[in-house]
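Both complexes shown next keep chain A, but they swap its partner, so chain B is in the first and chain C is in the second.
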Partner chain A sequence: MKARLATLLAWVIALLNVFPLVWMALASFKTEVDAIHTPPLLFFHPTLENYQAIFALQDYTGYALNSVAISLGATLITVLIAIPAAFAMAFYPGPRTRDILLWMLSTKMLPAVGVLVPIYLLCRDAGLLDTRTALIIVYVLSNLPIAVWMLFTFFRETPRDIIEASRIDGASVGETILLVLLPLVLPGIASTALLLIILCWNEAFWSLNLTAHNAAPLTAFIASFSAPQGLFWARLSAASLLAIAPILVFGWLSQRQLVRGLTFGAVK
Partner chain B sequence: MARASSRAGIATAPLLAPAVLLLLLWMIVPLAMTLWFSFQRYNLLNPAVRGFAGFNNYRFLLRDPTLVPILVTTVVLVLAVLALTIGLGTVFAALFAREFRGRNIARLLMVTPFFVMPTVSALVWKNLFMHPVNGFFAAISRGLGLPVIDWFGAIPLLSVILIVAWEWLPFAFLIFLTALQSLDEEQIEAARLDGAGPIAIFFFIQLPHLGRAISVVVMMETIFLLGIFAEIYVTTAGGPGIATTNLPFLIYQRALLAFNVGGASAAGVIAIVLANVMAALLVRTIARRLDV
Partner chain C sequence: MTFRRLLGLCASLTAFAMASPAWSATITIATVNNSDMIRMQQLSKEWEKETGNKINWVVLEENVLRQRVTTDITTKGGQFDILTIGSYETPIWGKQNWLVPLDDLPPSYDVKDIFPSVRQALSANGHLYAVPFYAESSFTFYRKDLFDKAGLKMPAQPKYEEVKTFADRLTDRAHEQYGICLRGKPGWGENMAYLTTLVNTFGGRWFDEHWNPQLDTPAWHAAISFYVDLMRRDGPPGANSNGFNENLALFSTGHCAMWIDATVAAGLLYDKSQSQVADKVAFTAAPIAKVPNGSHWFWAWALAIPSTSKNVAAAKSFLAWSTSKDYVALVGKTFGWTVVPPGTRASTYANPEYLKAAPFAEFVKQAILTADLEHPTAEKVPYTGIQYVAIPEFQAIGTQVGQLMAGALTGQMSVDEALKQAQASVKATMEQAGYIQ
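Our next item is the complex of A and B:
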């Protein structure tokens, strides 16, 4: 009886927790009039007009492509730079490995807002304001510590003997990484990449400050709905659902690895 | 590094170099520029007037009567969200620590808000829920015969706090749940046989076990919460007045709305110092766990 009550309570809390998103999803299929109706409408004639309007009037595709290009581009580069570093530290730790790892972690603690001015000016002088390149560079640099750490913890779970054996058999370092290590740690690399994509996709400090229109990703597109003169709730809901849907799937896939990635191995 | 690699049998330096050099640049260049600008008289609207300003930027900043309320807002935002996410997070994690029907799906629902981009969370809450006329909460209040709350008009900071807490609760919850699952099941079983109820088990067994996880959540969240920006940008723009202006938003206003490079940089230095205090604590906690 008590157990059943606890189960019920857990489910009620879980449902309340996602209710804002469910309500948003419902609103995305309402007309604007139904969306602001009081009392709120649970039953209504669903319509797709908001989705049509977003694609027809607001260049949703352009923003979405920016999000995809920036997230995938930054993640790919980050992983490519992080794998060799994590490999070296996981399998060939030296007396300074510990210091390097902790120092990398500490660079993640630098608050973005503390360096807003120099980054903005550097981008302006390099002609990179409102370009995808600027966001990709910033995201690679700010996510690199997370990637190195996460890959490091995955690599360390791989038996070292396998690496040694491949080296003794005459494989080069590159061959060892590519042919021996990668197949073993592919799930770990995939989780790392998923977390990086999520972080890039949802990042909303640099994307709001370094882009205007050309390179603006979905975070900035949604922010454009904050203008007081243009409050279209149903359209905002439809745009929001489109913007979060792909990343929710990634998030659900990677949630078990999330703790490892975001606590730097401090909680297991 | 060279000595380490010769001992290990391979040259690790070329493997490490790209990551290390990039991060070194990322750390030093912007930091040095922020420090340099904070001692410069430099406004982008009037770029001809430049020169060494001494401590003037800091003096103006410290004399600004809005600085203290803004710092207070920054800290209140962090502390309130920490209290909400850790308070609710520990209780919810304890509730989810035992097996029950559909637990995996329920846990997925609990974690979901963490994957929603901040601009979506903030605008959905602000409009669909907290709008004083058409919002969901207003409808509930009217239905119950209670006065309607004008969320962003009457209690703007609390409104922002609630939104941010909803975004960060999944993070705390998931970490606490992970930590609780490493708790020895027999310990709880023994306590139960001794007649301990769920509340006693929570306070005397589960909560003490969470000590380390709580400290990690406090430090990680503090670092992120000190930088809260997008939620304020799309809901209140720092207002009404300066009621929801925190340090990041102040710097944004100085830098990209007023184009005051020197003043914004001085505020940036303060933000860096604040964050570094927390960062030093966090790095020490993680270092204790790291065995290389």
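Our next item is the complex of A and C:
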């Protein structure tokens, strides 16, 4: 009985979570009038006109390629920097390691708009406005605290003796990280990387402010379908579905790795 | 190589050079996403073909666009060659020399064909800084079927007391039919746009001649009390979340008997593909309360060139093309005359095809022509602008006061309290900005 209740509860929560997505997908196949119909329509004549209009107006592929390049580029660099940082903090902590970790996290508490003008000016002077490089640099810097914290937690779960044994056997620091530590914490690294990709993919503030046309990712693509006048829900739903489709597929394919990583070390 | 061959080569090169455009450039345009701009995007291929230039479009939601272009222009980022800005920003940015003056447009452009009130709104220090893409005022939309059924008659110039009586009669909450829909979403361009016209016609003003805020005056009190009372009795639930789009959705799905808002909504409400009440909608002037001054607003979306643009010549060429009489005709021929950019040119309103297709045309024209930006209130004021005050601080002031008015609407605070707080907050901002010593 208890198990059944738990299953039912899980289903209710899952349905509540997935409902906005399903509703958005349905709205994307409605006409604008159907999309705002009251009471809301569950049965309607589906149309592809929103998708046709989107492809006629905007270069979806260009935006999608920018999103892929920026997300993967920023994630790769973040992970490459975060691994040695987290390794040092997990296995060779100094007296101020905890303070440094907390300080790193505190940088995430600063509202992004507070540093918009200085970062915009820096990008302008470096000739980086409307380039993928600018977004990659900003994303690396803003996601580094999360990556270091996550990897630090995963690394700490690894028995210290294994690291010390490999050092006694003559392995260098690099070899210890590459050949001993990484195979052990691969699920943790994979889930960190996946989370970083999702964070980069969904980031809208910097992508809207630092890009114009050449480097604009899918978040800028969605923003272009929200209208100040007239009805736009159906078209915006179609644009949103197109924008999240790649990351949704990616998440679906890698969910096993993600769950394994997130529950890594949870049960001993 | 013989002389004849050399001559031939030179001739070929000359012919090629002549056939190619004299110069070609890529311009970046930042714009809002509304149906007029989407049509411009589609038709701009003609201009690209004609000139050999290319356009990169950056289309953003209005508030995002405003933040984006403000950041770019104030930091001289130089990301855009053409900006879509409103009649609020144009004079402020023009005075700062952030925009390229547009005084040298070709005679064929016929600047004088643009309505004087529109030109005035887009000028500063005697220079035209932006050219209008479309302009709008505000008026009253109503459902003539509901009025007929209730035996009511909407006057050509309604009074707010009459509007209140009509709204009371037509509210039927059991059937989700609300007597009136008005903006309640906080924001200087949202609830405060409407509320400022309401305060104007109640005889109020934002500031006296010495920039002292006037929000604690009886006129403001009467206007806001009237609004809160009317909306609580006859407005839709959750009205503090309703801006232009939400009210458009409510009206076009048959939930509102009256709606006072932008004239640009007429084209959308008469469009059967977007409105369920297309054959039931009628319109009349914006209501007045005590004085006629500032009872209906004026707004123009315009195109301007930032002074940081590296392609001024190409940008000017596009501005002249996209706001010309020929462009209006091109929209009319391609998409139908109902949807040509309204409110900008006298020639559009002299065109019989447009007058035939748009029953609201004459009303819109009159509303725009009678919108007096220089004298928006009954008493003297040191500012221009009807539903806004054309000073840089107004975005912050308007949004802050808008939040307090939304608080009064939801009952979080009384009208007295909201106005008292608003007065104190605006006074502090104006003192800090140096307007009041």
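As a working rule, the second predicted complex is superposed on the first by the 193 of 268 C-alpha atoms of A that agree within 3 Å, B and C clash if a C-alpha of one lies under 4 Å from a C-alpha of the other, contacts with A are read in each partner's own complex, and residues count from 1 in each chain.
Note that in this section contacts are C-beta pairs under 8 Å (C-beta built on N, C-alpha and C of every residue); 3 or more make two chains touch, one makes a residue touch a chain.
For clarity, every value in this text was computed on a predicted model and none was experimentally measured.
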* Report for A:Leu57: first if it touches chain B alone, second if chain C alone, otherwise both or neither. => second
* **Contacts of A:Ser226 with chain B and chain C, given as first, second, both or neither** => both
* Asked: Once the shared chain is lined up, is A:Leu179 touching chain B (first), chain C (second), both, or neither of them?
  -> neither
* Where does A:Ala216 make contact in the superposed view: on chain B (first), on chain C (second), on both, or on neither? -> second
* To do: With the two complexes superposed on chain A, say which partner A:Asp130 touches: chain B (first), chain C (second), both, or neither.
  => second
* After lining up the shared chain so the two structures overlap, which partner does A:Thr38 touch, if you call chain B first and chain C second: first, second, both or neither? -> both
* Count the residues of chain A touched by chain B and by chain C, then name the partner with the higher count. => B
* To do: Could you look at A:Leu208 and tell me whether it touches chain B, chain C, both or neither (first, second, both, neither)?
  => both
* Asked: Given the touch rule stated above, what does A:Ser237 touch, chain B (first), chain C (second), both, or neither?
  -> first
* Structure fact -> Both partners, chain B and chain C, contact chain A at residues 36-38, 116-117, 120-121, 208-209, 220, 223, 225-226, 231
* To do: Spell out the part of chain A that touches chain C in their complex, as residue ranges.
  => 31-33, 36-38, 56-58, 116-117, 120-121, 124, 129-130, 208-209, 212-214, 216, 220, 223-232
* Asked: So in the complex, which bits of chain A are touching chain B?
  -> 2-3, 6-7, 9-11, 13-15, 17-18, 20-21, 23-24, 27, 35-40, 81-82, 84-85, 87-89, 92-98, 100-107, 109-122, 140-142, 144-145, 148, 167, 173, 198, 201-202, 204-205, 208-209, 218-220, 222-223, 225-226, 231, 233, 236-237, 240, 243-244, 247-248, 250-252, 255, 258-259, 262-268
* Asked: For the complex, which residues does chain B have touching chain A?
  -> 1, 3-5, 7-10, 12, 14-16, 18-20, 22-23, 26-27, 29-31, 33-34, 37, 92, 95-96, 98, 100-103, 106-121, 123-125, 127-129, 133-134, 136, 138-139, 142-143, 166, 169, 171, 174-175, 178-179, 182, 198, 212-213, 216, 220, 223, 226-227, 229-230, 233-235, 247-248, 251-252, 255-256, 261, 264-265, 268-269, 271-272, 274-276, 278-279, 282-283, 285-287, 289-290, 292
* Residues of chain C touching chain A in the complex -> 28, 30, 32-35, 38, 41-42, 56-62, 64, 67-68, 71, 75-80, 176, 244-245, 248-249, 252-253, 255, 262, 264-265, 268, 273-276
